[in-house]
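Same chain, two partners: subunit A is paired with subunit B first, then with subunit C.
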Partner chain A sequence: MLAYSLKKLLQLVVTTIGVVTLVFFAMRLIPGDAAAAMAGDTLSGAALERLRDQMGLNDPLIVQFWTFVRSLLVLDLGRTLTTNLPVSDLIMSAAPITLLIAIATIILAIAIAIPLGTMAAFMAHKGHKTLDNMITGLAMIIDLMPSFWTALVFLLIFSLTLGWFPASGPISWDDPYTIVMRLALPILVLSLSQVAILARMTRTAVLEVLSEDYVRTARAMGWSELRVLFRHALKNAALPIVTVVGLSFGNLLNGTIIVEAIFTIPGVGTVLINGINSRDYQLVQVLMIFYAMLFVFINFATDILYRALDPRVKF
Partner chain B sequence: MSNSFITQPARVHAIWMSRRRVLDKLRQNRFLMNSKTIGAFLILVPIALLVTLAPLLPLQAPLETNLMAMMLPPSLEHPFGTDRMGRDIFSRSLEGVKVSLQVGLSVAALALVMGMLLGTLAGFFGGIIDRAVMVIVDIFMAFPSLLLAIGLIAIMGTGLVPVVMAIAIADIPRFIRLQRSLVLGLRTRAYIDAARTVQASQFWLMTRHIVPNSLAPMLVAASISAANAILVEASLSFLGLGIMPPAPSLGNLIREGQLYMEQAWWISTLPGVVILLIAISFHFLSDGIRQALDPRSRK
Partner chain C sequence: MIHQGEILAPLLDVRNLRTEFATDTGTVRAVDDASFSIMPGERIAVVGESGSGKSAMAMSILRLLVYPGRVVSGDVLLEGRNIAQLSERQLNQLRGRSVGTVFQDPMSSLDPVMRISKQMTAPIMRNLGMSYKQAYAEAVEWLRKVGIPDPERRITAFPFEMSGGMRQRVMIAMALSCRPKLLIADEPTTALDVTIQAQIVEILKTLTSEANTAMMFITHDLGLVARLADKVAVMYAGRIVEFATVGEIFSAPRHPYTQSLLRTIPSPTALNTSRLPQIPGLPPDMKKTLRGCAFRERCRAATEICAREAPELSHRGANHVAACWQPEGLGSSAIDAEPERALRRNDGPFRDRVIVEINNLNKHFTSSSFLSRASRNVIRAVNGVNLRVRQGETLGIVGESGCGKSTLARLLLGLERPCSGEIFTEGLTQMVFQDPASSFNPKMRIRNIIEEPLLVKGKGDWRTRQTRVEDLVKLVGLDPAHLDRFPGQLSGGQLQRIAVARALALEPSVVVADEPTSALDVSVRAQIINLLADLKQELGVAFVFISHDLLTVQYISDRIAVMYLGEVVEYGPADLVFNSPAHPYTKALIDAVPIPDPARESRRASAVLRGELPSPLNEISGCTFATRCPLATEQCRTEKPKLRQHRKSREAACHYAK
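== the complex of A and B ==
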């Protein structure tokens, strides 16, 4: 287990170095350079040259790269272009909201998807095709609904028509009520597609286990169906579920960018879109790295968890 | 005409038989005679017809404004209603579908070709080539796909070509990985060894054995990738980072309608239904291909 963890950790480090390098050099590919793109038509000649100096764009590439890596290591990420706030403060205030949305979505999705998928599998196993087909068909449609469209429809129904949730307004950590009310819809929207993916996966996993010999043996011993389901089927279905949660975490992060834009939530996604629109490339590159690191770390954690959960894997 | 029936019975019989053979072939075609494929075509063909015939239909041009007909709800004249500037949402949606299909098909084609090329090289030769390709693949796959596309758009700018490039670059690593794993499975097969013993060249092995045998699963992936690309393009355009107005795309139509959700629900919701239909049909298509090629699902 330790050897495996270390190997994965090494991979994590290599990927991190790769991500930082890729982002740094990709940002040098901007037509013209970051300073010219940032300034647009407002600066020219000497002023533009001064901005270049200020941003360090006139240093040798290797020096720039080192400055960039060092700033990431000591978390001194400079200030934003438009509001002149420290970038690290900006991320520190936005990240908890995005993380809260992501974690709440995963919990909600698991709570809905596992009973649903198990039910579908159970029905399919018993030969009741209709309910199973209904659940799997619905899961596919929900999975393919563009999340920004679902979000808008939810906004239309639950905020604008029914007035249950506010469509905009401040989010403050001192007032949990505002957090719940403002984040409820985005979490609901995001969990829909996660439920669809997870429910399908649970169905496949449970269905497979239900036709195993040891399940037949348990039945032959006179166990009730529910006991069979809980003692054998769900336990064995846990592994693929862990994998899917890890794999769909990338989708979830994509989704947070979109729902933050629609529900005007001040998360990392909103900061990113604002950064791109104001051509603040130094902010954008830091955020790209932030998202990638989060994603890579979750994948690392799922890999380890998977190994830890499966007693059959020998080291 | 009736004369020929009497004078040439043999020929008539031959024609009849050949026709039956064609019908039998069709009936045996596991791709076309598949409920999923038929479902996909039932959605895609009418949509494609509408898109191509749009200039001939009695519809307002996609960019034409009409200040006398602003924010009209759906009616016979304007099936999807009109927007703030009196533009017809239906004809704008058809124009948007054109963009969606262009994006979906180009991304799928790009990803398929690049994935096949790099995946085959990595899997077949192994060693240093494999290592190098897979390290790069891992780095690209460290980014959530939409985020990578957003980052690339930030570098390349907005518009149709950058959008296609950005989505394709975000998708290619997945194809490389799939192709590589397929090649690794094929590499040790007996028929490859057989070809080697008769001194088939590496190039011959790859083009005549490896690529044809890995094409089927790659096509399934390409079909899913097309659906996915359509959704990502819509998301990018929705965020204002894809196809820019006034050129319509389904994503930026929804973006424009967002401000008027309360007064005019149709501007955003109906183009969304169109995206959903297209995405579902491409998924049906991939199921159709999969079922046709999977020997285990033979009836």
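== the complex of A and C ==
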């Protein structure tokens, strides 16, 4: 287990180096640069060159890369080009909100999808098709609705028409009630599509395990259906489920950007969109790394969990 | 065993059991009106071909059938209690407690993510009311009883850390640990090697006799029946067609199906100069409502009444019932209608012309992982093998799984490159695989499947290819009407014929057949073996026949090579190797094979080869077999015996070969 974790950690470091390198060079490939964006139409050729010199944009690429890496290592992420605020402050204030949305979504989705999928699988296994068809049909319909659309519909119904949840307003950590009320709809919208994917995946995984020989063995030993379902079937089905949860995290991050924009929530997604709109190279660059690292960490956690669940996993 | 004079009620009484599977294409009547009973401590074998309803019947008894299977009618009385009327809760108290179960595939029958200790202690605690500590000690004790070395340590293992034989021992220990009165074993040794099978059979025999546990075991291996059973139920098309003591089944079978089945097995004593008797045709489609006797279309004694009315089981002796209108079954007309053709021995003009020569062949696989590059593992799959195949002869290769048989086949076909050594072949080499159903593209018509090798090699134009394909299909004994079907529409035996036809398309000089009959039922197996023997004779093709089924290998082969851990330990004429083995491993293998003759089985000393195949990763300096050999001495452990001549025309690698 230790050797396995160490190896996965080493992979994480290698991936991180790859991410940083890729982001840096991808940003240099985009036409235009930070100086031009900052200056707008105000500076002429010579003045623009001076600004470039100042910002180090005329240094050799390798020197710029090193400066970039060093700034990441010491967590001095520089200031935004447009508003001249420290990038780290911006992320530190926005990230908790986005993470809260993401984590709450995952938990809600798991809590709904796994019992639902397991039930569907159990019913299908027993030959009771009706409930199974209802659950899988519902999951498919939900999966077909894009989250920007459900977000708008929810906003229209629950905020604007019924007025149950506020559609806008400040978010302060000192006021848990507003946080819950402001984040409830985005979390609900995001978890809907997660539930759809996860419930179907759970159904497939559990259904497959239910026809395994060791499930028959457990039944032949006289264990009740419930015990067979939870002790044997679900435990073995957990492996593909964990994989899907890990993979769908990427989708979820995409989703947060959209719902944050629709529900005007000051999360990382909003910061990213503002950064892109104002061509703030410095900010976008750091945010790209932030998102990538989040994804890398989730994958790392999935790998570790995988090994903990299944002793057969080798590296 | 039953004590004389004591009046006993049956432990299990099955009456008119009917089980159906509702499928999209119709209802399969898996078990049709089955009735039988088991006395306490009695061992009953249920035999029959695949699809005859053996497993469905066993599962129906415990009501373990899964959707879409269900018991339609009938009563199952266990110690007088009718299982059919029990609630799910009451049934669960019965399962595991009164009836233990062992399944066929030990690799998949244990929960892969749960330690053995947990899987074993939980039922003991529940059923025998023991504390965890007591149950743990009890579990260790049972593991010791089933022959697991170092049980205190092994009990903490996960199933994947054990071999198939070890897992089956765990299954048996688990099933017996709650002291059931009845043990149901569904093909308990089919997935195991012959030496391991012999060990497991010994364990089952000893442990069930000790505790007077009755046993109902399902098998298609008649040798195993002779070794283990008191009584035998023969099933055909969902019905029990004959039920009698093991002695009567073998000495005086009354149902034509039983009679035919017994004669399709190659006998170790016969001279094997004639074709194997075979049962013509295929079992009936179980979805159709059968009128009359289900076996009549394959039965030579069938008369007009057989088509009209299905025979009931009727008495043929005190402990003998059979369901046939003819009192004697096939009776004295039991001689096979097939013409007796002396086919086996290679006396043709091709003799002694060597077409495959293998010299000092080595194939070693190395595995190394990222963090442990230092400890590189070398598996010697094929190690210093020398063999020759002559034109028109069949070379049988036998050995336990992991002995390098299949790697040798792949080397012969050029699918693997040897690490060192040479293979000379004259002409083409082709292959017939074990599982015909999965070795064909299911979306290709049979015609295209057979044509494919011709296309690959660009042989002939369309018209000549079609003629050739039709000739090939006729050659393997099939109707050209089959050519436009898909593999899914043919039976296993027909598909294996197609595989043979495809292998012969390019007129190879050698056909390598890797376990070509092990996926087939006994009656179909005989058909394929006869086909291969005919082809050898007619075309002069040489066969390399790889199998773990010693009786079949001995029957079909001219010469036999016995492999152990990548090496050939004995090589010589089939009869000689089989009847007077020179190498102790060959002898152990042959001793392990159950012979379908209860009288002979009871006389045989149970000389079971101990232990399992050692890990191929360890380098063994002396004789590879020394770790399991009863004759091993210090010399064997230090000095490697070379394959050398013993008597005439036979080679063995043993210091003490007789």
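One rule holds in what follows: the second predicted complex is superposed on the first by the 298 of 315 C-alpha atoms of A that agree within 3 Å, B and C clash if a C-alpha of one lies under 4 Å from a C-alpha of the other, contacts with A are read in each partner's own complex, and residues count from 1 in each chain.
Here, contacts are C-beta pairs under 8 Å (C-beta built on N, C-alpha and C of every residue); 3 or more make two chains touch, one makes a residue touch a chain.
The structure displayed is predicted, hence computed values, not measured ones.
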Which of subunit B and subunit C A:Pro86 touches, first, second, both or neither: neither
Considering only the touch criterion stated at the top, classify A:Ile30 as touching first (subunit B), second (subunit C), both, or neither. first
Touched partner set for A:Leu272, first subunit B, second subunit C, both or neither: first
Determine, under the contact definition given at the top, whether A:Ile257 touches first (subunit B), second (subunit C), both, or neither. first
On the A-aligned overlay, A:Leu144 touches which partner chain: subunit B = first, subunit C = second, or both, or neither? first
Return first, second, both or neither, reflecting whether A:Arg312 touches subunit B, subunit C, both chains, or no partner chain. second
Subunit A: partner with more touched residues, subunit B or subunit C: B
In the superposed arrangement, does A:His125 touch subunit B (first), subunit C (second), both or neither? second
Can you list the residues on subunit B that touch subunit A in the complex? 135-136, 138-140, 142-147, 150-155, 157, 227, 231, 234-235, 238-241, 251, 254, 257-258, 261-262, 265, 268-269, 272, 275-276, 279-280, 283
Sort out for me which residues of subunit C touch subunit A in the complex. 62, 64, 66-68, 88-89, 91-97, 100-101, 103, 105, 108-114, 123, 126-127, 158, 160, 171, 174, 369-371
For the complex, which residues does subunit A have touching subunit B? 11, 14-15, 18-19, 22-23, 26-27, 29-31, 140-141, 144-149, 152-153, 155-156, 160, 250-251, 253-254, 257-258, 261-262, 272-273, 276-277, 281, 284, 288, 291-292, 295-296
Name, in rising order, each residue of subunit A that touches subunit C in their complex. 3, 7, 125-127, 211-214, 216-225, 231-232, 235-236, 309-312, 315
